[in-house]
Amino acid sequence: MRLHFVSKYPGWWLLIPLLICTLFLALSVGAYPLHPAKVADVFRRVLFQGSQTDIDAVVLLSIRLPRVLFGALAGAGLALGGVCMQTLFRNPLADPGLMGLSSGAALAAAAVTLFSSAAPTLLAHPLSMPLSAFIGGLAITSLVYRISHQSGKVRVDAMLLMGIAMNALCGALIGLLLVMADDAQLRNITFWSFGSLGRADLKSTALLGGIMLLPVWGIWRIRDAMNVLLIGEADAASMGVQVEKLKFCLVTLSCLMVGLVVAMAGLIGFVGLVIPHIARILFGVSHQSLVPSSVLLGAIFLPLVDIFCRTAVAPSELPIGMMTALLGTPFFIFLLLRTRSVA
Amino acid sequence: MMVLQNIQVSRSKRCILSAINLKLTPGEVTIVIGVNGAGKSSLVRLLSGEWQPDAGNISWQGTPLSSAPPLDMARSRAVVNQQADLRFDFTVREVVEMGRFPLRQTSPAQLELSIDTALEEVDLLRHAHKKCTRLSGGEQKRMLLARAMVQLTEARTAGEGVLILDEPTAHLDLRHQELLLQSMRNRAAEGLAVFAVLHDLNHAARVADQLVIVHHGCILKSGTVDDVMDPELLSGIYGIPLERVDTPGHCPNWISPAPQKKSSIPNPNLQNNHEKHLLIPTP
Amino acid sequence: MNYTVLCFIYTLCAFHHTAFSDRIVSLGSAVTEIVVALDADDQLVGVDDSSLFPEIPQEVPTVGYYRMVSAEGILSVRPNLILSTEDAGPPEAIQKIKNSRVPFVQVTAEKSLQATAERIRTLGETLHKEEAAEELLVPIENRIAHPLPPLDPAPRVLFIFARGGGSPSVSGKGTGADYMIQLAGAQNAVTAFKGYRPLTAEGLIISQPDVILITQEGLEAMGGEKALWALPGMANTPAGTHKRCVVMETVFLLGFGPNVVEAADYLRNGLEL
């Protein structure tokens, strides 16, 4: 396959060095003072002298490094999930939350918080929250998918309406749970829903990275079919695209990625909507460039936002879900205005 | 060769097509005419594989259509629909290039050539870098035709394939209508079977090797242009009086006599009691 | 010479694992309250959001809600001791703090006299304020050893928990409020369920409370006593008819800190009238 770059703008591969710089910046900045020189020193010591136990190394290696890597992976996963949804619904305003993924996860998380005292052995386990959120998100999405499945075909407009209905239903059920919650549980649920990268450790980061390889590779392989799908389902079918299989792949792969991120980090919205948009404006609409550019832009965006969340009110933290919305919108508007004036 | 045998299609308990028997011969242009709602577009959907017949069978080169793998069929058959649903800002060239999706044996150089030739044939080469959403309806139509031509690159080399077009001349200006009709003839000359639904009787008469009239879901008549185009038959179908006018050195014209209206203001458009019409010289 | 000896001795002390901790992070208001009561609040360098006590100096930063702390944030204030309740979280952040080898002491979060005593004892040992801790423990251990008899007749008390804007809830069994009601010698008007449920008119009438127990902050959030007595169904209860309520500050009633016996006595007095 030839790679062809949009002639007006630099290729997406320029994002790779930008990502490396962002990661290094994120490692060097935080509430705990760790200047770039110290960061380099810790890495050098680990490379040559094995594991270190001083506090600088602990902060860098077991707190900041997993968090930054997790943020990059989460950003990439959310952005790619957004690309899949926008292709599936053939609408640049589609978002992974449309299929009920986020609200299903939030409902499951709220239920676990509320009922953890009722079944302590099962529900008080630290894995119970992310696992339930993941299962909850997938369950709601599967329901939406199944109900829109008629005579062997999935009707995308029906799926959109079902997603809206499910979001409303989950919201109502969450409201019901909130009414029954006591103060502590209420705050827990609220904080979970704001999203935080602080729960990342090396194990969960490695898990996310490992599992995400499959959807990323899968989506890269079907990028041509995704391009063709954008022209219309009937046209795509006449060009040899197996449309139903493709739709199923898009739903499954994006839900896997986004579901995992939401389960581990809470609700971090807006990334799946804004990043692909920005990627399209900068690097073109074809999935040939959209897929890698969205992945890289997402991986750059989230750690940058997280730097702000970690440092603005240090030693406390701002919830990243709120910040993605607050920061993403004006930047997107700025980019849109700039492109319009250039064109 | 695509063969339809005893096709019956019903939707929502309504019979849309019945007793359809049709052969699409390689190298021939088959044109379907008929009034609105006769079932012409349904026939297109059937041939494109979007609809399955309730009775009868469709076969391509002897294999039933339903058992042919989608990618193989896409290499041999391309469809140009009435309308494009374009929501993303692909460039014209990117859309036309999507036609390469089913191709397997085409080298990048051959592909580039095919794209360039297709764009030139539909007169869009100078618009190749324009965003497809900024095109007019007619330009989008031409772009879809170019894409279909790229999709059939390997079929054209092998000399066997089907090109299906649904009202391809709609929204096109005169010049581009001519280009399109010429393009259809070119594809037939390459060995493809071309199938198109047309509304303009004159276009149909000029370009068809096999002409089919669809009326109320059935094939009323099919054959050569001279066999099928009978003034009485056509007037009966369309519900307006039609005449054929032959002018030496020009293609035959189907025209309708002017309506008799009592008016004190003479109508400058009337000429010999018929509406003015443009004559097209024989190619 | 003396100076050198002093430095040497100080350095030796610094290496001792129970060295004097002057940079303390405290998570959980129960813990912070005890730290303040033991007069160690000048050693605090970080507290959580819920630990808002007037004795804590303004400059001490907060490290977030105690169930959602930032590991790096806590470590950035360079504590040499971290105190918290067992339910601080998230678990991943707590694990990272433990990995950092900074001394980390967790106490039970249970809401009872015995648990309060245990907290005071543990924190007293950790902060080397055993004497002050013993003083605080006296009334608590007395009350454990010699519990007061229930009030006769035992009034039915309904605890209403109100948040600003949201609908109020009532406490059933097994909550901190339920414990305090029983400690004060009364009975919970609601025994049909555990935990908190929304307040309803029917629920109010069925439970027939003699006295309403409500927090200061909750009463203000509802709109004052007028709003309380105007609740639907309230007029059909003895509490509503006689307009009997006891108002206490949230931390005083539910803090389960060193003044837990004082709180129980205050409540008992209020109910006896």
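A few comments on the model shown:
As written, the chain order gives the labels A, B and C, with residue 1 at the start of each chain.
The working rule: a residue touches a chain if its C-beta (ideal position, glycine included) is under 8 Å from a C-beta of that chain, and two chains touch if they have at least 3 such contacts.
Nothing here was measured: the structure is a model prediction, and the numbers come from that model.
In terms of the stated touch criterion, chain A and chain C have no partners in common. A comparison of C-alpha centroids places A closest to the centre of the full protein. Chain centres here are C-alpha means, and the one lying farthest from chain C is B. Between chain A and chain C, the centres computed from C-alpha atoms are 38 Å apart. The centroid of the Cα atoms in chain B and the matching centroid in chain C are 81 Å apart.
The mean-CA centres of chain A and chain B are about 46 angstrom from one another, to the nearest whole unit. Across the interface of their complex, chain C is touched by residues 30-33, 53, 55, 58-59, 62-64, 67, 117, 126, 179-184, 186-188, 191, 196, 198-201, 204, 310, 314-317 of chain A. Residues 2, 90-92, 224-225, 227-228, 230-232, 234-235, 237-242, 280, 285-286 of chain A are the ones touching chain B in the complex.
Partner chain A is touched in their complex by these residues of chain B: 48-50, 70-75, 77-79, 81, 84-90, 94-95, 98-99, 101-102, 108, 144, 151.
Listing the residues of chain C that touch chain A in their complex gives 46, 49, 61-65, 67-68, 70-77, 90-93, 95-96, 99-102, 161, 163, 166-167, 169, 175, 195-198.
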